[in-house]
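First chain A sits with chain B, and in the next complex the same chain sits with chain C.
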Partner chain A sequence: MSKYRFVGKGVERIDGREKVSGAAIYTDDLEFGPDLLYAEIVESSEAHAKIVSIDVTEAEKVEGVVQIFTGKDFPYKFGLYMKDRYIFAQDIVRFIGEQVAAVVARDPKAAKKAAELIKIEYELLTPVFSQMDAISENPVLLHPDLGEYPHVPWFFPKENTNIAHWRKTKRGDLDGGFKDADLILEETFEVPRYAHCAIETHVVISKYDYSGRLTVWASSQSPYTQRHLFAEALAPLGIKHKDVRVIAPHVGGGFGGKAGVTMEILAAALATKMKGHPVKIRWSREQEFYNTYQRLGVVAKLKLGLKKDGSITALQHQLYWDAGAYVEYGANVVNAVGLSATGPYKIPAISIDSLCIYTNLPPGGAYRGFGYSEFLFGLESLMDQAAEKLGIDAVEFRLKNAISKGDTLAYGAHMNPNGLKQAITEVAKEIEWGKEVVSIDPEKVLCKGFSLLWKAPAMPPNASSSAFIKFNEDGSLNILVSGMDIGQGYLTVMAQIAAEILSVPPNKIRVENPDTDRNPYEWQTVASHVTWSCGNAVKKAAIHIREQIFDLMERAFKVSKDNFYLEDDGVKSHLDPSFYLAFKDFVVFGIPMDDGSFRGGPITGVGTFLPEFSSAKSDPETGQGGHPNVHYTVGAAAVLLEVDKKSGQIKVLKAVEAIDAGQAINPDLVKGQITGGLLQGLATVLYEDMRFNDKGRLLNPNFTDYKIPTTKDIPEEIVPIIIEVPQPDGPFGARGVGEQTMIPVAPMIANALYNGLGIRIKSMPITAEKVAMAILEKEKN
Partner chain B sequence: MVVAHDFLYQKPSTLLDALKLRAQYGEKCSLLAGGTDLVVNIKERRISPDIVIDIKGIPEFSILEERDGSIFIGSAITFTELIESPLIKSRVPIIAESAHTVASVGVRNRATLVGNICSAVPSLDSAPALLVYKTDVVVESVDGKRIIPIDKWFVAPKKTALQNNEIVLGVLVEIPNSENGTAYMKLGRYSGEDLAQAGVGIMISKNLEYKIAFCAVGPVPRRALKVEAFLNGKEFSSITNELSEIIQSEISPITDIRASKEYRRHMVDVLVERGIKLALSRLQGE
Partner chain C sequence: MNKITFIINGEKRSIYVEPNDVLLDVLRDKLGLKSPKCGCERGDCGACSVLLNGKSVRSCLVFAIEVDGCEIETVEGISQNGLSVVQEAFIEMNSFQCGFCAPGVVIATTELLRKNSTPTKEEIKEALAGNLCRCTGYTPILEAVEKISHHNKHNSDNTGGTNE
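Our next item is the complex of A and B:
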């Protein structure tokens, strides 16, 4: 039984009825009246070129066009971790689809018509499409001014190269580790780019009024970070943070794609030239694919040393990231992996090099998993290879090498409490690891695969959260926070945390999506950190309220405050069992005294959380010395597959995933995350296959040829397992699980295929075609 | 979705009015039935018609009925209507089976079989189903009616035998007079809606007469006459090297975003084998 009243319960989603009934308002639903203008973006047709001229003569003649803008109108840079891009391309375009100009018109059709009439003359430059080419000898430099770009202090750009950041993490005696090894394995793995495919494309409306106030309505994961970047980029116009207001309605899916700032900056900038008129931009599905962020591609080279008994002596992990044309966000993916590419293993000698490399493909950025899915594909594949070569069972091998609480991490800090071994054991039991499975169909093979997972929030050390809570007259609560419910159930979880402290049931608590004018600061809803970080802020705000109530009790009733406690929507006393004061009787109107006066008044709480132990300061050559990651969430997963030996088609009969949530605030929502994460992971490994032509043009920016699973493609059975080894600094012991759930999927599929068919696939995706061709190749040899 | 292209929209209520418009605008006109291809093509600027003629208001196009041993499928008949038709299911079941593999429920509720064959893309699912029967495409212009056998219909990728003053009234599918088993085998990238990477239609009659047709493995969907000649009269157990060679000589797949030509070649053998086995089991009432 849970020791809590509201935490640990499958409380109904507080936004559920709103969404199911259709009452929920999304950004595109907002009405702005007849003053609304629409912007169509003119995109670069070239992957790398100088803009020679832009001719708008014909476009301006289209009826309904208000004004046309180009880069010269906005010579402002922006970026989250590194300011390497302009609002519109200035002289150079660096990927196909980059914004070059905008037509603002009275209706979308006129805007589009005019955009088609704008003639841009380019002088072609040599494009670079592969990260390996970009770091070859004397490559074409994509950003000759790289050395001058402002960036966060923990990035290390290499001037006069295409390397925007190089994270090095070195620990222990690497040469000695390989010398001591009985077995050394070396492999290269490739993971291509991916798209988020949120069902709602990016939408933004921005209005700059005659008082100098800039309001932006955006489908967003990051209202405050967006406000900050708008204010920074538009500061030359005299805009201050207080003048910028970001309102974030419900979001139709984020997955990292709506973090940071991408196309929103266009509407924010255009609005400043269209005073009084809201300006709307809605991305098409095609634009959603090529001009937001994509998940970065990577070539990972691994070298692993092992003793005969299965212990790991050394790991060298070199990761070459295709980060795209601009890396203002994506470089932090590279950084995160550079700190954690050991996976959840005890390894005495470590060398990680994670290189962020510019290419002339769309900008890479945040995507659920933030680099961990990508590097675990290679690492967890290689761990299976190692176990097999040593004749050790894959699960035994992992139990032997799994990281434990207190073990030293790659960057020198120590591992947090965790239930990794419990997760491994429970998954192995549920999938019946070791029990042979045979298909009755001779054309099919049944096989199982295993993988571990781990991920830390990737955040600046001062990423913080804050919360306001206010009591209403009837004792109900409003919680004001600025995280986003992007489907994960964040709003409900915040209500449960406050409910637990204040003894007000979640159905009497309202938590809504934010407006930066009203709601307090939140860094971003990314990194699987909001339950932990914002949950801590909400908990503190609730405690703040509770303390005020106890103080008030002491003042009003002249009894020490230590004697009171909260229960059943009110205050009770340890001294007097008959004492009960309902919240509704005092939290706004105060407590009446005998003399007719009142004590108290409206009660509000404030809470702030910043992980003060975190630091990104470390030796640039070794990565030692800081505490960049606040903690890791770990787990294990396994699949049972049925593979058609002729067609290569894979059916997932069973998927099991155990994740250490610390404390599941809402187990139903955690299970939802496990199911959704597994499906998204399966999509990336089995179906999604992004293709560019030799000019750098994305060939499948649509669901005709970029496949994400339908209901027909889901596994026959999914078993979510929640492990709870509390996180000491988490709210009620909770830590995040959102991204982690999709991370183990690719390697466990690859491992299952090897176990069943003897084929080792080292590049994603693992499509039916790739499997069938690998089987044919194997039969030939 | 913004469609920046301007065009005239007409929805005539008689066939004659439609044919007159068609004659007047010729290649500058697009015909609208389901619109699931047409609207996307206009939006993405692949075509820019001056006029779109919506044929759904003309009663003749909505006919689905048996006529003298054949089934007439009017040009406005949707895939969903075919799937739900007892007539189709009992007499020409492979048409329902292939219709089921087209896109998703939402698209099938609008998209039409005739629209599908008019698109004439190499991957179209309706083609192998129609090719294994004796099927005629019935077209009409202001000059009169014309019958085009289905195996003469597909001229080149995205090109049919339809003249630019003609409108397709429907297709006439002859009901086979002997007992038979059919199967449509479609290879897609997943279980959800997909364009065929390869498709094989098969009909086997009681006296072991084989009809086999392919889509997505050549410039146009077509019958595999040499394969049929090899198989006719023979019991089938599995693909032999000899049969595989004949199959491979009948197809000319390309590598595109959906599959490599090597995978397509490999899979056509597999689909033929599995399809014949399935059709035979259906013939035997299993």
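Our next item is the complex of A and C:
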């Protein structure tokens, strides 16, 4: 039983009715009237080339075309962590699909037709498609001006190379650790790129009105960050933050793809040249694949030293990231992994090198898991290999080495309270670890695999949240915040947090999508941090209201405020059990006095949160000295597979995942994250397979050829387990779980395949074809 | 421009369309019905599903000119006299996350249950296999439909009737 009234309860989503009835408004659903203009973007057909000329003569003749723009109209750079990108390509294109020009027209068909008539002449440059080629001797340099790009102080670009950032984390005596080891394992793992595949593509409408105000309606995870980047990028036009307004309606899935700024800047920029007219851009499904962000690919080289008793002596982890043509957001993925690629293990000697490398492929960026899925594939595969070589059970091995509260992290700070060992034990029990399973079908093999997971929010140390709460006349509440409900249930959870403090049930609380003119600041809805960070802000705002109510009671009734408490939508008194003042009787209109005057007035609360203990300041050569990660969310997962030995087809019979939510504010929504996250993880392992040709063109930018799972591809059984070891600085002890749910999937599948078939797959995806070929190869030997 | 006449959510309407106008665009832009969503423009995702003469179709793959004389139902029509049993079950089970696929799933489920009020789990999976959802892992969607199916089976076992 939860010790709370509204926290810890699986209450209905407050946006459920809207979404199921068709009432929910998404960006593409907004109406802008007959003056709406449509923009079609002309994209680079080359992966690396100089733009020689752009001929718009034929395009201008198309009826309905209003104006055509090229890069020279917008010589402005933008970027969240590193400004390495122009709004439109200037002289050089660096990936197929990069925006080169735009047609603005009265209707989308005319815009599309004209865009096809624009002729661009290119002078081809040598492209680089592999990150390993990009760091070979004398490579082609994608960004010769890298040394001049503005970036956050904790990034370390290497001038005259393709390395946009190199995060080094070194701790302990690495050579000594390997010298002391009884066993040393070295392996290389590869993870390719992936696409987010939110069902809603990016949509943006922007209007720069005659008074000089820029309003942007966007399908977004980051309305405030977008406002900030628009204001920064368009500052040369005299636009100030107060003049920029971002309105974010419901968003049809994000998964990191709608974080920061991608195509939204195009509409914002075009609008500044089309004063008075709203300008709309809706990405096609194809564009969604190649011109937002993709998940970065990685080649990970690991070296692990161990004692016979199973203790780990040293880990060297080198990660070479294919970050694409521009890394303005993706470089922070690389950074995050550079801090955490030890996984949730106690390791005395550590060396991590995480390199962000430019290639002529689409830009890499935020994707649910933020690099952790990628490095866990190699690390958790290798941990299984190590346990096997030492003759130790994989679960026992993990229990022995699992990180505990207070243990030193790779960058020198200390691990937060966590239920990792409990998660391991509960998952092992649920999957019946150690109990042999045999298929009755001789063509099939049953097998189990195990993996740990951990992830910290990756954010600047001053990423913050804020909240306003206002009472309505009937005692109901409006909460104003600027995080986005990208599906995780954020709006509902914020209502539950306020409900708990104020004793107003969540169904009497409305939390709406943000408008930066009205709602207070939120950094972004990324990093699985909003439940924790914005939850703290909402809790503080609710406490602010509660304090005002108690002060008012003291003033109105001349009784010390310590005697009052909130319950059942009103105020009660410890001194007088018969005292009850309903919120609806005073929160707006005040409390009547005997003389006919009133006390009080509309009650509103404000709360802000910034993790003041966090710091990204550290030694660039060792990463020691700062406190870059606010905490880690940990867990464990296991899977039972049925594998067809001939076809390599994998069927997931059972998946178990335990995650330490600190305090699940809404256990039903946490379970929803687990079932959804597990399937997204399984999709990257079993189905999704991004293919580029040798010119750098993506060959399968659609759901026919890039397969995401349907109802028929789900595990037969999923068991979600919630562990609750409170996060001391979280609202009611909560910490985030959104990304963490998908990250253990690749290694647990790989480990199960080894356990059942003796094949060790070291590259993703793990398709049926790859499994069948590995089985054949093994039989041959 | 060609004039077409059809029944939309119970109301007879006549409008002019170009021969190459797509039904999805006409529903959204000319009739203001925003529940069908555009997710892929090629029939892969099912977010634009509507009922055409009672059968679910992807409105991105139908030309508007083809629906002359037909009857179309969208989620607006299903919702107009109070939410359906299907919609209430989805709300109760927190079946959706971002909600973008929800209208298409409501359409597919409504079609299924009108034909077969007590579908098995496999029949439910089959009927919803054309509707992509990236958030939920489908489990809470399937559970809601199974719950309705169980309820209907229980009722028909007791009363001999069905309850859609």
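Just so we're on the same page, the second predicted complex is superposed on the first by the 781 of 781 C-alpha atoms of A that agree within 3 Å, B and C clash if a C-alpha of one lies under 4 Å from a C-alpha of the other, contacts with A are read in each partner's own complex, and residues count from 1 in each chain.
In the analysis below, contacts are C-beta pairs under 8 Å (C-beta built on N, C-alpha and C of every residue); 3 or more make two chains touch, one makes a residue touch a chain.
Every value quoted in this text rests on a predicted model; they were computed, and no experiment measured them.
After overlaying the two complexes on the shared chain, residue contacts for A:712 are found with chain B and with chain C alike. After overlaying the two complexes on the shared chain, residue contacts for A:182 are found with neither chain B nor chain C. Of the two partner chains, chain B is the only one touched by A:113; chain C is not.
Within the superposed three-chain model, A:569 lies out of touch with both chain B and chain C [touch as defined at top].
Of the two partner chains, neither chain B nor chain C is touched by A:396. Legend: residue contacts after superposition of the two complexes on their common chain; A:253 is shown touching chain C, with no touch to chain B. Contact with neither chain B nor chain C is seen for A:515 once the two complexes are overlaid on the shared chain.
In the superposition on chain A, A:669 makes contact with chain C only, not with chain B. Looking at the superposed arrangement, the partner reaching more residues of chain A, out of chain B and chain C, is C. With both structures placed on the common chain, the touch criterion links A:407 to neither chain B nor chain C. When the two complexes are laid over each other on chain A, chain A has residues 284, 704, 709-712 in contact with both chain B and chain C. For chain A in complex with chain B, the residues that touch the partner chain are 40, 108-109, 111-113, 116, 284, 646-647, 686-687, 691, 699-700, 704-705, 707, 709-713, 767-769, 772-773, 776.
Note for the complex: chain C touches chain A at residues 28, 32, 34-35, 37-42, 44-45, 47, 74-76, 78-79, 83, 87, 90-92, 94-103, 106, 124-126, 128-142. On the chain A side of its complex with chain C, the touching residues are 10, 12-13, 15-26, 28-29, 31, 196-201, 250-255, 282, 284-285, 485-489, 668-669, 672, 675-680, 702-704, 708-712, 714, 718. Those residues of chain B that touch chain A in the complex are listed here as 1-4, 104, 187, 189-195, 197, 257-260, 262-263, 266-267, 270.
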